[in-house]
């Protein structure tokens, strides 16, 4: 079968996939379109932008947004780093550490993620108030780390489970220390998995709304707090909300785009055969 | 000897994480347990804080609303996870090929995951599903029918739709990874045998990626049970309690009623229910895997 | 071992630096001038203008301002958290007439009386406290002490499309009845593709319940009788529920339970409805240049049924948290933002149509404002006449027109508005919705200690 005719046969299938993807993503695409409309043109809906304008972005990109973005960036990146630093060793210990009750420990970590933030906000608020962590970057980093480390543990553990034991045992026999084999053998294999886990945690922390509104005031307010100020009940705000939503979605999306291959490949192990 | 050293080192490696997680999550849980035994209505400081034992729990288990909310939570969770799994498999199959623009298509499909759920909720509620000036109203006028009541009688369905929209990308990523990891020999041998694509899917591919599906469903379960922002922004749990899940029920008790004690009790019950659900699912998966092996 | 130890040390250092950044900043604030006030506000156009003009205040007094802007629900939740759980990070808070008396009673706000007493005679004359509309001032007081100063005030009224009315040959009386409104709406439905009327249906004690409660009052219903027994079983209440649903079914927008204030405004502004009953502040939005119906809107007082004078009363106001460390400076700010000079400042800098309405009599006798706001007279009348103390036909133990001024109302109102939405959307029959509302109100009355009698042996759930 010639290349050309095979491509032609695949064309309707590919078109269908493209259509499905665009329909699926339509609310976001439309959000992007709306961000370029004037407020008066937002409703009723139409795909056509009658008077394209950048005024929404201008309103949203006032100098003060820099402070929120900076806070969000510091909090997210530090939290991700902390989660990995704390969590990956635990996953290693669970898989290779020979602990007798590793399942129980694993389960305990998992169970701590079951609590919805709504439920603990009052105790956490009081705790933060008493320890002076309210409205501080450190406080936000602390809570996001505590909440997301179990996720890192879970995902890293499942990647490490896929590492064939033989590799480790052969390096053991070579006499290299466990630490060296971790860094030289296991880490490269699990690298993509760890990258994708880190990205996942970044998205969770970047988008987190409830804790950031309740535990910050002016000093450590991340981007979701700034976004909330556009969700007003009086007056038209949808175009501006779409503009800032588009901006806020960009960092996770760019990271996701860049790390795409890692994201997909990393959620499994490489094709290392025993 | 060597083993003992290994164990000691493992404990040391785990200690920092245990400390951080314990401080951040266990302390509040204990505090919540404590709060569930008191009566503390923040907006009535004149009533003070009094110890009332298990009265909050008694109130919960005798209120009809609570059972409606539990039922809603079960429905939302089961429906969302099931649909997400099916869609995850479908999209995974679609994306598991090489065609022009596959990267872009993949980004488009996973993009709902990157949006804050409060924002997603507002966009869906006003611009898409609103009966007067959203696309819902637009199409209704076009076809001359009454616009579908997304937020009235069918509010639970709408919540499921939104959750599915937001979380399918998560499933897609994990399942796609699973598909891409299937060793080519398995696929080749299936093709040689001449099995049709459906049987190939159901009996060869799916069992192999069962591990991935398990991870997706278990993690998905944890996240879907906690969904709050979507409900808060779109249906406000209503009408009545018909689209409230347990976290939203906690919110309503805690921040509208300011009955912190009662809310804490609901939170404790939520955790227990979730724990049981996870354990049950965990065991179910383990059994399937050992059966398949 | 070394590498991860270094990592952990760096992390610890970063965390402690991050924690202390806030502490250092606070220390700097306290030790040296200038004073910085943290102001919690809602995001609406008037507050936005205040933020933009706040530079004037800082220039004149040297007091710095930090604004925290949140939607109404989050704001109320966060400020309640702040005062109720004792963290006291806000100096000035934006609260409504619902919150003020309750918080005053709880001593969460400082009484403004001593601060007024300490004012110099010149300042007091300049501020002209007696210029503030009496009904608003009463709604912001508890036991005769005022706890907040009104930033803008509103009542409710009817907005109608003059052009559609003319085409249909109808005339709107100055104070229509609800029956007339219903008939107008039915007649105008479909004209130019319009809904006959658009009304709020979104669940929420500050959403659908605001206009709906005034309907209840108009029909002679009430939430509790004099002894705090819930009155959802009274026939007038049922009549009000039936009427609201019938009006929406006959001539209202489809699926009204999605539509809160913002959606209704959008519908009216885009010319999709012939009638609207809602907050008086909407008038400036409807007459704004970007409104599709500017110049075609007529105004009428809130409709009556068995009882007249049903317009509601609300004012977003500025209060001072009792834990504030700078009450004197905070007082300077809230008086600046609510006095006549500020209103004139807005009028000159931004436009007279955007002046914060509904707080002072002098605004309404100002010819510039009257020229820019043709609806002003009717709004003033609505606010002045609003019967905050005796809102219902039959006697009641509570105050408040579109709400019941008890702390539990946030939750009870939410619950009842959900029942209303269930009834309107056809999910529940009326008897069930009313029974559930009654049960919820009964629980509140008992648990809150309002209802003093012992429960009867056979009480329904």
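Here the chain labels run A, B and C in written order, and each chain numbers its own residues starting at 1.
Here is the rule we use: a contact is a pair of C-beta atoms (placed from the backbone, for glycine too) under 8 Å apart; a residue touches a chain by one contact, two chains touch by 3 or more.
Owing to the predicted nature of the structure, the values given are computational and were not obtained by experimental measurement.
Chain contacts in this assembly form a complete graph, since each chain touches every other chain. Here A-B and B-C are compared, and the pair linked by more C-beta contacts is A-B. In whole angstrom, the spacing between the mean C-alpha positions of subunit B and subunit C is 35. In this assembly, the C-alpha centroid of subunit A lies 16 Å from the C-alpha centroid of subunit B. Residue positions 8, 77, 81, 85, 266, 270 of subunit C are each in touch with at least two other chains. Under the contact definition stated at the top, the residues of subunit A that touch 2 or more other chains are 43-44, 82, 89, 122, 126, 142, 228, 231.
Residue positions of subunit B with contacts to 2 or more other chains are 16, 126, 133, 137. Residues of subunit A touching subunit B in their complex: 10, 14, 17-18, 20-22, 24-25, 27-28, 30-31, 34, 42-45, 82, 86-87, 89-90, 92-94, 96-100, 105, 109-124, 126-127, 142-143, 145-147, 149-151, 153-155, 158, 178, 196, 203, 207, 209-210, 224, 227-228, 231, 238, 241-242, 245, 248-249, 252-253, 256-257, 260, 263-269, 271.
Across the complex, subunit B meets subunit A through its residues 3, 6-7, 9-11, 13-14, 16-18, 20-21, 23-29, 31-32, 35, 94, 99-101, 103, 105-120, 122-124, 126-128, 133-135, 137-138, 165, 173-174, 176-178, 180-181, 183, 211-212, 215, 219, 222, 225-226, 228-229, 246-248, 250-251, 254, 260, 263-264, 266-267, 270-271, 274-275, 278.
Residues 8, 77, 80-81, 84-85, 102, 106, 195, 198, 202-204, 253-255, 257-259, 263, 266-267, 270, 272, 407-408, 410-411, 414, 418-419, 421-422, 424-428, 436, 448-449, 461 of subunit C are the ones touching subunit B in the complex.
Listed in rising order, the residues of subunit C touching subunit A in the complex are 1, 4, 7-8, 11, 14-23, 25, 38, 42-45, 66, 68-72, 74, 77-78, 81, 85-87, 89-90, 260-262, 265-266, 270, 281, 285, 290-292.
Within the complex formed with subunit C, the residues of subunit A that make contact are 38-40, 43-44, 74, 78, 81-82, 85, 89, 122, 125-126, 129, 132-139, 141-142, 179, 213-214, 217-221, 225, 228-237.
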